[in-house]
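Going by the order they are written in, the chains are A, B, C, D, E and F; count residues from 1 in each one.
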Amino acid sequence: MEILKIIGAVITLMGSIALFLGALGLVRMPDLYNRIQTGTKASTFGTVLTLLGLIFIFPGWVGKLFILMLFVGISNPVSSHVLARNAYRYGVPLSDKTTVDRLAEDIENKEVEPVNNAL
Amino acid sequence: MQLFSIEYISLVVGFLILLIGIWGILTRKNILKMVIGFSLFDTGTHIIIVALGYVKNKTAPILNQPDLQTDTAHKIVDPVPQALVLTAIVIGLGVTALMLVYAMKLHNEKKTLNIQNYKDLKW
Amino acid sequence: MIYLIIAIVLGIIMLVAAVIAVYNKDLKTAIIAAGVTSLFASVLYVLLAAPDVALTEASIGSGLTTLIFFYVYNKIRRNNAQE
Amino acid sequence: MLRNSLILLVLLGFAAAIFPLLHSYEAKDALTGVAEHYANYGKEEVGAANLVSAVVVTYRGFDTLGEVTILFLASAVIGLFLKASETYTKDTRSVFFKSTEILVTASRLLVPMILLLGVYIFINGHLTPGGGFQGGAVIASAFALLLLSRPQKHFSHKVISVVESISGISFVFIGLLGVLLAGGFLDNHILAMGKFGTLLSAGAIPIIYILIGLKVGSELTGIVRNLKESQKEG
Amino acid sequence: MNVKNIGISFVILFGFWLLLNGTFTTPIIVTGLIVSLIIPMFFCARCDVFADMRLTPKAFLYTFIYLFVFAFELVKANLDVTRRVISPKLPINPGIVKVKTKLKSKMARMILANSITLTPGTFTLAIEKKYLYIHWIDVQDKDVEAATKEIVQKFEKYLEVIYG
Amino acid sequence: MVNTVLTISVVLILLSVLLSLYRFIKGPNTADRVIAFDVMTIASIGLIALISYFANRLIYLDVAVVYGLLSFIGVIVVAKFLEKSL
């Protein structure tokens, strides 16, 4: 039993390291989209890993921890997608390092609904 | 010294948040900012009340484990402040919503949110 | 001991967020900062052994209050745009 | 200048009022007074594992009644305010954009789960943290998510008010049953106490919490819905 | 009334209820059955998220394979992002590329977009009919076909079997 | 042993919350602040789970479940507000 607990603790530690790296990426990256890349997703991974580690430590808590992992895993990508899309339409600029922007090209060619200025 | 205990820290933090909230209510010109100050004031008060009910090294007043069911008074924190705060938070939401809708109505009438442009009741 | 560290860090974050909520010029940021304050207040309640209050604060203080604030602000913004 | 110093004076007054509380604060080691009574006898008297629920619903039932009334009044006044402003110029131009397809699908997947979570929170109010108020708030959040993901969707006002009225009347009715059959208003001994710590225990507390949950949920949903509808015009 | 949709919703919600409660006494099961039958009836009667899910043994098998593939990609990609964040020169080469998907079912498209979002390095910026616009932290191919092959197809071939 | 490792995890999570607070204060526009808010909530979920380990109470996890759900709604509200489609 002791060995399971140690495995769980190590997994939790890895999760918190991933969380920390995600926050570090949040600080270091140059523009919003790259911050989403490293920030929210590395931290989602880190939280899921932390909860997984707790499952190893307390096998009796598996139900709620599993639901929590499911919730975080479904809702967080959706929220970061919605935020990124709406920020793009709102006009948050891309960084200078960006090499290619197919979405802007397609908006120009009228293939995609343009940024709406109805207000 | 008990200065460094979580209940004392929470008391101080709640107290400071309360003061910041009052400062916001009194000095800001924008009505929505004043409502934000009110909601901070609310949060600070709740933290103070909950921190007053905390007892050191005791657990939550939910007796779902058998070891908590005997000699309960020496194992749990005070449930009464928690119950009070529980109702206070919900009322706080109702009051905040009411204030916000009232601010919306005011803006509809006067087309401004700046409190200094409301001169009707000034003497 | 670990409780003490958590409480101190949470207190610092809440105070900073409260100051931002009062002093920032941008109203959107102020509303989000008020949300951050109640969010961490909820973690502090868990630390103070009050899960009931934490649940209420998490669902009402940070969820619904932010929603209502933004609805009202949106309405006001739209009224302004029509002028 | 005068104004600022006055404000500072007010703040100092507040600080002076609260400072003695901080200064004379002493840590407790055990419960005293009424809390001790609740802790020691709450298990036999009320039968709820969650003592906070016991205090909210039974020991301080009148407070809860007053709170529900205040919330009802707030919701009704908001409805009145927003209804009165519906006579303003209506705008036929749609200012709503379609949400992204992913958000719509995710909300279809998540809304039933969130509703189930709300129901879990208020049915288990006497065993785990939570209760009617929190469950109601979670249910209102589920409807708010529905409204956010599909802005064009229209919500019927009638269903909300019918649920709210029925649960409110039943709540008062159960309270009065307590006067008739047991010790007083909102006494939970009108039903069998059951085994401590199981779902069917603590007398009437689960039923009261279900009613409070439905009532609070419909009231908060009503507030959100009224605000949403008011966005549509002008 | 979509019976298949309500049935699958019922099973999922009931499992959710049991996981939340953690115990299996009769009152809990009865309450759970009632609640998880009522909620899909009222709130999911006309929606079609589960309508085109396939219930064959092969689909179940592929679900598990998909989970494993996904977990593997997740770990691999996180290591990659770690390298980028730590290195002092910040080696990024971001851009928005366009990829194509064959999937029709709404649920499958959501799972595909979420999988792309969760594997760090790429995330879905917009989704329009059969194209997805993807923000890629390290662009290797600007061409639609090549990018599709690189990003989408490792998930798509499993999802195609599970959903129609 | 396990306690020590988990204490280190708590400290790391607190550090990541402080880093995202920095981004929250600095963030050039609102969307950056929302991202910082999102990371804070996700980190807090892990923090609550670890607190419930240290207190050894399963019931604290209920708070984390509700928390995870409501941060989602908060982010979507702000996103839709930015796009002017609330």
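Of note:
The working rule: contacts are C-beta pairs under 8 Å (C-beta built on N, C-alpha and C of every residue); 3 or more make two chains touch, one makes a residue touch a chain.
To keep track of the chains, here are their UniProt names: A = Multicomponent Na+:H+ antiporter subunit G; B, D, F = Cation:proton antiporter; C = Putative MnhB-related membrane protein; E = Multicomponent Na+:H+ antiporter subunit E.
These figures come from a predicted structure and were not determined experimentally.
Identification of common neighbours of chain C and chain E yields D.
Within the contact network of the assembly, the step distance from chain B (Cation:proton antiporter) to chain C comes to 1. Of the two chain pairs examined here, D-F and B-F, it is D-F that is joined by more C-beta pairs in contact.
A separation of 19 Å divides the Cα centre of chain C from that of chain D (Cation:proton antiporter).
Per-chain CA centroids place chain A at a distance of 32 Å from chain D (Cation:proton antiporter).
Note on chain placement: the centre of chain A and the centre of chain E lie 14 Å apart, centres being C-alpha means.
Each of the following residues of chain D (Cation:proton antiporter) touches two or more other chains: 50, 52, 95, 97, 99-100, 102-103, 106, 109-110, 113, 117, 121, 128-131, 133-134, 137-138, 141, 144, 220, 223, 227, 230-231.
In chain A, the residues that reach two or more other chains under the touch definition are 24, 36, 44, 60, 64, 67, 71, 74-75, 78, 80-82, 85, 116, 118-119.
Residue numbers of chain C whose C-beta contacts span two or more other chains: 3, 47, 49, 51-52, 54-56, 59-60, 63-64, 67-68, 71-75, 78-79.
Chain pairs recorded as touching, per the definition above, are A-D, A-E, A-F, B-C, B-D, B-F, C-D, C-F, D-E, D-F. Residues 16, 18-22, 74, 78, 81-82, 84-86, 90, 92-98, 110, 113-114, 117-118, 120-121, 123-126, 128, 133, 135, 137, 139, 142 of chain E are the ones that touch chain A when the two sit in their complex.
Within the complex formed with chain A, the chain F (Cation:proton antiporter) residues making contact are 1-2, 5-6, 8-10, 12-13, 15-17, 19-20, 22-23, 29, 31-32, 34-36, 38-39, 42-43, 45-46, 49-50, 53, 58, 61-62, 64-65, 68-69, 71-72, 75-76, 78-80, 82-85. Of all residues in chain B (Cation:proton antiporter), those touching chain F (Cation:proton antiporter) in their complex are 59-60, 62, 64.
On the side of chain D (Cation:proton antiporter), the complex with chain E involves touching residues 100-102, 104-106, 108-109, 111-113, 115-117, 119-120, 123-124, 198-200. On the chain D (Cation:proton antiporter) side of its complex with chain C, the touching residues are 50, 52-53, 95, 121, 129-131, 133-134, 137-138, 140-141, 144, 220, 223-224, 227-228, 230-231, 234.
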